[in-house]
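The structure under discussion appears below in the form of structure tokens.
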Amino acid sequence: MNTHTLTLLTIVAEALLKDRLIHEVRQAGAKGFTITDVSGEGSRQRRVSELLGDNIKIEVITKRETADKILTVLHKDFFPRYAVVAFMSEVQVVREDKYL
Amino acid sequence: MNTHTLTLLTIVAEALLKDRLIHEVRQAGAKGFTITDVSGEGSRQRRVSELLGDNIKIEVITKRETADKILTVLHKDFFPRYAVVAFMSEVQVVREDKYL
Amino acid sequence: MNTHTLTLLTIVAEALLKDRLIHEVRQAGAKGFTITDVSGEGSRQRRVSELLGDNIKIEVITKRETADKILTVLHKDFFPRYAVVAFMSEVQVVREDKYL
Amino acid sequence: MTLFQMFQSNICSPMVLAFAFGIVCRLIKSEMAIPRDLYTSLSIYLLFALGLKGGVELSHSPWQQLILPAVVTIALGVITPISSFLSLRYLGRFSIADAAGIAAHYGSVSAVTFIAAEKFVLANLGEGSVAPFMPTLLTLLEIPGIQIALAIGVLGLAKSKRDKDSASGVRASDAAGPSLAGVWHELLTARSMVLLVGGMVIGFIIGYEGYASVKPFFDKGEWMFKGALTLFLLEMGLVAGSRLADLKHAGAFLIAFGIAAPIAHGALGVYLGSLAGLDAGSCTVLGSMAASASYIAAPPAVRMTLPEANPTFYLTAALAITFPFNLLVGIPLYFRMALAMAGH
Amino acid sequence: MTLFQMFQSNICSPMVLAFAFGIVCRLIKSEMAIPRDLYTSLSIYLLFALGLKGGVELSHSPWQQLILPAVVTIALGVITPISSFLSLRYLGRFSIADAAGIAAHYGSVSAVTFIAAEKFVLANLGEGSVAPFMPTLLTLLEIPGIQIALAIGVLGLAKSKRDKDSASGVRASDAAGPSLAGVWHELLTARSMVLLVGGMVIGFIIGYEGYASVKPFFDKGEWMFKGALTLFLLEMGLVAGSRLADLKHAGAFLIAFGIAAPIAHGALGVYLGSLAGLDAGSCTVLGSMAASASYIAAPPAVRMTLPEANPTFYLTAALAITFPFNLLVGIPLYFRMALAMAGH
Amino acid sequence: MTLFQMFQSNICSPMVLAFAFGIVCRLIKSEMAIPRDLYTSLSIYLLFALGLKGGVELSHSPWQQLILPAVVTIALGVITPISSFLSLRYLGRFSIADAAGIAAHYGSVSAVTFIAAEKFVLANLGEGSVAPFMPTLLTLLEIPGIQIALAIGVLGLAKSKRDKDSASGVRASDAAGPSLAGVWHELLTARSMVLLVGGMVIGFIIGYEGYASVKPFFDKGEWMFKGALTLFLLEMGLVAGSRLADLKHAGAFLIAFGIAAPIAHGALGVYLGSLAGLDAGSCTVLGSMAASASYIAAPPAVRMTLPEANPTFYLTAALAITFPFNLLVGIPLYFRMALAMAGH
């Protein structure tokens, strides 16, 4: 299979940010995303899941620039205030145009 | 730890394809897989999750040729008809023989 | 975005190991983790999920040495006795210090 | 009671109001949601309870009475998908796949519409006014219509592809979907079917006596069932509400179809029912069954076998148009038809 | 009955014991957990049932009686968040965000405390001793307090930032949170609000007659509701139990506040209630509402809009201190106050 | 009633049929499934209800009566895991880990078998024919058998490893599992234990009076409990059905063991019960407890501590052989034994 390299951006955040994060992902121009219910612990030691919901993971396959755009928004508006982590890696896809 | 490089193939698809996709994964010779319930949106704008179920994610660690075999089947039988995306990346494992 | 490279360690294991694995992850010095409920099949053909629970996936972003430490414990105490797989890949993060 | 009074009393039942409430929640963009597992649990409970009661009733009703009604029910299961397909394809100019996909839904039956119709008749004519074997007919009507419509769709697509291929001289890969045999197995062993039939068999074995100890838990006449139904209809309202925005994509023809088809099929059901010797109450229920569109069994089967059909069309028509139409207007209407036919 | 006997009978109810049981489970580090979907299902059921009954009662009670009590309820919704903020900020030396976040919880109301208070009054004074429109007041009290506290917090933070900026000469980026208008929509369409109001509207429409068929399923006086409440309180106990360890982070002032605030607000509620002409039973319930701290509607709203506030403070205070205090001590106390005020 | 008639009436109960229905669903490869959270909710409800009722009963029964039955129950908890281990290891030639793993299941007890036995006795001998403290015995029997079998397994494995090491001269790494102390904590605070004991304590405190208000929700004699049990047994049937295919891997010895062990342990339980002065009904229940194999508490404990034991063996034996055997044949059999011993 002939493949193309794209960026997989993964965001893990507290669940109540779901709608706002989806909005930012769309805003930045991503064509799709996949969401998973997860739980977790990090440096913020948030033990509030019962009443505030657990975490969600949002995965976005997109080109590097779009991922960067999303990261910039996260950096500015979300990282300082909420429990959010984000990371990127490279993935191989078959139908590149589907994601651009 | 001494590690070996293998391919991680990730498939995200509508949930009712679960049994058929597992069948294809096994058929191609993969030794195992991990399944997660997810939801998502893509270019097909399917808003049918309540009555047709959400998406699933299938992850398969295997050698590149097996992943290619699965991708070929997806490309032929699934991509044109169903809401499915797939992508690959490289991962490091300790016990290579477990996956071959 | 200026990014740093870290290791993403992914562990898939039978659910009843959850507390023990979290303990090992913390013990090795990781600063956080994300857990997902998953199901799956592997070489052990464990068909016990109804009464013993399904699998969990634990994802840890950390430096390579810490991941190696966790893998060593898995290799010694878990791989031989339980249904567990683990693999690593590289990811790009923005705030490196958060994970160290 | 006038037809209008009937509408009114029908609209003010907790179940209909719960459905409306669900729709409103979506219209005001509330985050309100019923947990997935609660929804599944309620549907397991309702279908099993339905089958159980049906089996108990069957266990002491003479089998001969069942034959004619069963025959007309199967006739409805053959006629309604075909009539739906033809009007959608040739009047509505839908593609083969879309026409067949929608037809599969209207050829099958909605269990909640069945329950609502039965409740309506019992409220108006009293205990005993609906034949005990109606759940059996429900089971008979569930599958054939889906299969017939799917066969039409799959064969039609194959033919149109062969035509294209022979025109272009190229042979397209036949991206094989699941076999029709696979779909039979799928439908016969689907959760809804298995619960109805399983409940029926258990009910038949335990009879009145064994049923007594669990009757308050499962019986349709009891408040437990009614409470569960109220919550289930709240969820149905939520789902229907999130489909309302799709009505504009559905187009005027589909909206008209979603109202005209139930009226036509409902009238046919009432008529065939009376031919088979059913009383007015049972005719109403049979008419409502024929008029209803499946939204539990049909969607996954159609999605699997005819992925070319657009889900927006069939889901919106079945759940956002025909289901509320039947609940509010259709059932009282078929009831009037049945009374008229019985000479009242 | 002496105050002590009241405490005793209160403590030995299955609901209070289930709450205690939940706490014990966490203390002995048991893996015991209530499935998330069961918790959500129970809360949907309880809130909808609460609204439904309230609506049914409203449907045959004269509206004029509601006006004065509604006015004092809204007064409570304005006073309690401000009194909470001021004491937390200036006596307790909490940061603006923390003080406002906690105040949002104490300005709103806990539905389970409401139910417990009503049960308590009915058990002591009998049927009819609580005004039928109390659930309406519950709905009125839910939101204003949250909004007022959030507004105080957001405006206070903005001001302190402007002060800092003008001092340093640098302009910080204003990492925009959601707008207050967004929060209004969020709160008005939140699950708990929608279920209460939706249930109330449905109850109002169906009235006594329509309610009869689902009463055993939904009514607060029936065992179904009590059983569901018992399980819900078990879960509340589990959550509270896992917060107990946080009491040491909360600090002595917050613990004192978690006990003093409900007493003060409860007394105020009882007093305003009697001013508005409510009888002793309804005064007790109004006092308990004012005394209670929200732990369903408030936490997500505060987390969203004031992420600077530390959740450990507001969750621990509301659920691990004030809720059990009201359940065990507060309600009987407000009851004595109400009786005293009524001249008994 | 002859033994045969008893079997027949037993088989036709809704619960047994629901179990059979679950098995059939798996045999026809239906997608039918009970949502995980519903399953967990049902088991929470059933165990808590069981404990609650037990506690209420205890609150007004003289403690001295409990002593002898408690002693023989603990004796059963010591004897049955050892007898199981010995026959599996030396007659069945199972590995140490497998023999100990299976023995842990047969040394403990199945709560659903307990309920079924009690229902059976009450149906045949009427109200009051089972001692009120039986749920207490259930609690006593749950854990010791698991611990004893695990200790046998862990010590046996350690010894066989030492033997191998000293033979080869190499010292294997001792891949440390959880300590037995850890397992004690795990078992004592496991959900099933905590619910039984917690329910019992609450029941003991509230007594008859407090129980009255929630009795219809929780009581074993009420339809709510029976309905929940029916759904739970449907799920058990689904799980057992998916294990049937494993019977061929289990081998003839294990199948024979799965039938012979309950008969032997059941007879012993009946005998010891009558020695302890229990009446025929209670002896039947004690025998059924001894005969039953745990499939809720034991599997995770064994998997955790003895991962070398093959789950296919213990799960298949406990759930696909012994559980249905007891449900259909065992309970009536122990009942005959108990009657015979009582001289009927």
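Order of writing sets the chain letters: A, B, C, D, E and F. Residues in each chain are counted from 1.
By definition in this document, a residue touches a chain if its C-beta (ideal position, glycine included) is under 8 Å from a C-beta of that chain, and two chains touch if they have at least 3 such contacts.
As the structure is a computational prediction, the values presented were derived from the model and not from experiment.
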| item | value |
| --- | --- |
| From chain C, the most remote chain by mean C-alpha position | D |
| Gap in Å, rounded to a whole number, between the CA centres of chain E and chain C | 40 |
| Where chain C and chain D are represented by their mean Cα positions, the distance between them in whole Å | 47 |
| Gap in Å, rounded to a whole number, between the CA centres of chain F and chain E | 43 |
| Where chain F touches two or more other chains, by residue | 35-37, 224 |
| Chain A, residues touching no fewer than two other chains | 36-37, 89 |
| In contact (per the touch rule at the top): chain pairs | A-B, A-C, A-E, B-C, B-D, C-F, D-E, D-F, E-F |
| Sites on chain A touched by chain C in the complex | 10, 12, 36-43, 55, 57, 68, 71-72, 75, 79, 85-89 |
| Chain A residues touching chain E - in the complex, by the definition given at the top | 14, 16-17, 20, 46-48, 50-53, 76-77, 80-82 |
| Residues of chain B defined as touching chain C within the complex | 1, 3, 6, 8, 31-37, 61, 89-95, 98 |
| Contact footprint of chain C on chain F as seen in their complex | 173, 175-178, 238-239, 242, 246, 295-296, 299-300, 303-304, 307-308, 311-312, 315, 319 |
| Chain E to chain D touching residues, read off their complex | 35-37, 40-41, 44-45, 185-186, 188-191, 194-195, 198, 201-202, 205-206, 210-211, 213-218, 224 |
